[in-house]
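As written, the chains take the letters A, B and C, and residue 1 is the first residue of each chain.
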Amino acid sequence: MIRRSILGAGVAAMLLAAIPAVAHHSFAAEFDETKPIKLTGKVVEMRWSNPHAWIYLDVNNNGKTERWAFETGGANNLFRRGWRKEDLPAGTVLVIQGWRARNGTNTANAGSITFSDGKQLFAGSSNPNAERQLQGK
Amino acid sequence: MKSAGRRLRPPLLSAAAFAAALLAAQVSADQAAPQTPARPAAPARTATPPRYAPPRLANGKPDLQGIWQVRNTANWNLQAHGGSYKTPAGLGVVVDPPDGSIPYRPEALVIKQKNWTGREAEDPLEKCYLAGVPRTMYLPYPLQILQTETEVAILSEYVHTWRWIPLTPLDRYPGYESWMGDPRGRWDGDTLVVETVGHNDQTWFDHAGNFHSDALTVIERLTRTAADVITYEATMTDPKVFTRPWTIRMPLYLHRDMDRILENECYIYAEEAGKPIRGQHPNE
Amino acid sequence: MNRQVAAGLQIFFIGRVVALAVLVAAAHLRAEEPIPQPRTSGGCPVESRAFYECAMAQAKTFKVPRTAEGRPDFQGFWRSRNNGIAYDVEPGPGSFSVPPTAGEIIDPADKKIPYQPWAVAKRNELRTKGFEDPQGHCAPSGAPRKNNTLFGWRIIQPKGYVTFLYESMHDYRIIPTDGRKHLPASIKTWHGDPVGHWEGDTLVVDSTNFNGKPWLNEAGEITSHALHVVERFTPVNANTIIYRATLTDPIVYTRPFTVEVQLNRDPEGEMLEVACHEDNQDLAHMKDVKDAGVGLEKK
């Protein structure tokens, strides 16, 4: 059986709301949907793990560099959709929209992740529920 | 090492001359033996015991199913070791290199020694992490093998861990890494051969700190050599850590006292005992 | 800016209208989803009740593929159809991070878990305590929650067994189909002790020996050690199983109740590893929240 290759990115025109990376545990117990956040930063590292993957960004905050951790959907679904580790090299500039962790650390749940040219990261499926499936639902 | 005064090799002869010399020696030996009356032939003595004939599935492949477990101490140390605090003594299971050593690169041996020193805290099993391959096969817990004609499942009681081994072709995702690796199986005669790649670098081979990188390839061979025994071999190749491949071998014994495997929820038990173990958190 | 999110997986209608709590700021991100073009599953409409009737009619003439043992061949990679039930067994309007769902209860008719009064109170309390959900600690979920998992599973059927290999937490259930006796009552487990047998083409799985710790779903739906689950897997077409589970627990419920979910085989699907405990970074965050005594409202 041949595994599915990356699905066409032609549906980038599809409107994608920022959707939380939901999980096998309570989103609300960890993140606060009333605290949306939008940050631009450089990728330090991406941890390709399950049930969530994590992207670490260095964000410039008034001249200081802050390290932020963003939770995304699990690595398995990223692999299934054709994404590979080399697609996100260190130094890549990303804009991440998400929701802050309730514990006040520099942690957030990623809703949408875009490159500086506006292209969506981890998107591009003809499946209208790709985002939900992306996050393992 | 040469013995003094003796040549190690036979006198040089051409092959033909050597064969002729052998034949001549045999003929003269026959002629030297006295003629004896014919007598009933003695029962033929086999050079090796008859090979065990395993039960088979409908497609003729050996049936490896059952609940199995090792009886050795490989989980604590693959190499021969005396007893020590909380560690039983054991004879080694490394069969190649023949001297039982594990062929580390010099810089990797330093890491192994560091692992050894910190093993009580750093052994992934002390944190109830997944055991990886091949260690999952020689943990001190039963495992159940289930198989069909197209797939084999090896299910360890330790933290409800499955290994799903397809016997039919299946592509791999490049760059995919996991704790238990990505196995593919095939039959080689009556031996199940499993090739596993895609290991992350997080697991150890044993409590002694023997370790590997994410370049590890493991080739396992499972042969049912008796009703109650699977002879299990695993060859490790990892050019980042070892100078050459090396092999372990051990028997897996059938559990006749269990009709089902039970539950072991390591990290949940730790939490309930007031000693929670947290997963890795590299951002903190 | 209003955005619309495609709703292909939102196939179940909300059973009743419940007032939504106001969600500040993020509300616009979850605007009503357009009704998708009707899709079918195996020739039946996907909406729950219509599907069920159609599928049951199909099942009468459906020739199920069989294993060498003559049993229905369930082998392959499966997913549960309704994602909302991963969060709550009962119907719900959804919340920020939870899709609306018609729930999965088919009996009783009011689609509420028939809790004893003390258990309702406990459930309501636990709804706001996400840290307490054992699944967030990577504890196994038992039945039926395991079949509501967000990840899929593989079924293999060696002779005498139906075995589920779950992607989530690399978990498994080995189900012998010889109707053997259960474990001694002194052995209490997270998974329960599943014992199966066939009734015609339906696999019936009887599970006891639970330790009372799993929740049915994210919504604080507690169980006790008296839980007894009987699951029925009925194939209705080539890639669909209707799954029903009847839960009996005299300590928690006033009567048994039954849930139903559609399970779909994905011929191209396959299973990967989810390690859970090893990479469970969320638990530390949730514990901070718990330790800070910050309550949180779940809708």
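In the analysis below, a contact is a pair of C-beta atoms (placed from the backbone, for glycine too) under 8 Å apart; a residue touches a chain by one contact, two chains touch by 3 or more.
The model shown is predicted, which means the values in this text are computed figures rather than measured ones.
Enquirer: Mean of the CA atoms for each chain, then the mean for all of them together: which chain is nearest?
Expert: The most central chain here turns out to be C.
Enquirer: Skim through the chains and flag the pair connected by the most C-beta pairs in contact.
Expert: A-C
Enquirer: Distance-wise, how many Å sit between the C-alpha centres of subunit A and subunit B, to the nearest whole number?
Expert: Centre-to-centre distance between subunit A and subunit B: 41 Å.
Enquirer: Rounded to the nearest whole Å, what is the centre-to-centre distance of subunit A and subunit C, using the mean of the C-alpha atoms as each centre?
Expert: Centre separation, subunit A to subunit C: 26 Å.
Enquirer: Where in subunit C do residues touch two or more of the other chains?
Expert: 270, 272-273, 275, 278-279, 281, in rising order.
Enquirer: Taking each residue of subunit B in turn, which ones touch at least two of the other chains?
Expert: 170, 176, 283-284
Enquirer: Could you check subunit A for residues that touch two or more other chains and list them?
Expert: Subunit A, residues with two or more chain partners: 1, 3, 47, 54, 69, 79, 105, 107.
Enquirer: Which positions of subunit A touch subunit B when the two form their complex?
Expert: Touch residues, subunit A against subunit B: 1-3, 47-48, 54, 56, 67, 69, 79, 84-86, 105, 107.
Enquirer: What residues of subunit A sit close enough to touch subunit C in their complex?
Expert: 1, 3-4, 14-20, 22-31, 33-34, 36, 47, 49-52, 54, 69, 71, 74, 76, 79-80, 99, 101-105, 107, 111, 127-129, 131-133, 135-137
Enquirer: Provide the residue numbers of subunit C that touch subunit A in the complex, in ascending order.
Expert: Residues 3-9, 23-26, 29-31, 36, 83, 86, 95-99, 129-131, 133, 135-136, 149-151, 167-168, 218, 268, 270, 272-276, 278-279, 281-282, 285-286, 288-290, 292, 294, 296-298 of subunit C touch subunit A in their complex.
Enquirer: Enumerate the contact residues on subunit B facing subunit C in the complex.
Expert: That would be residues 58, 65, 128-130, 144, 146-148, 151, 153, 155, 159-162, 164, 170, 176, 178-180, 202, 259-263, 265, 267-268, 271, 277-281, 283-284 of subunit B.
Enquirer: Which subunit B residues qualify as touching subunit A in the complex?
Expert: Residues in contact with subunit A: 168-171, 173-177, 282-284.
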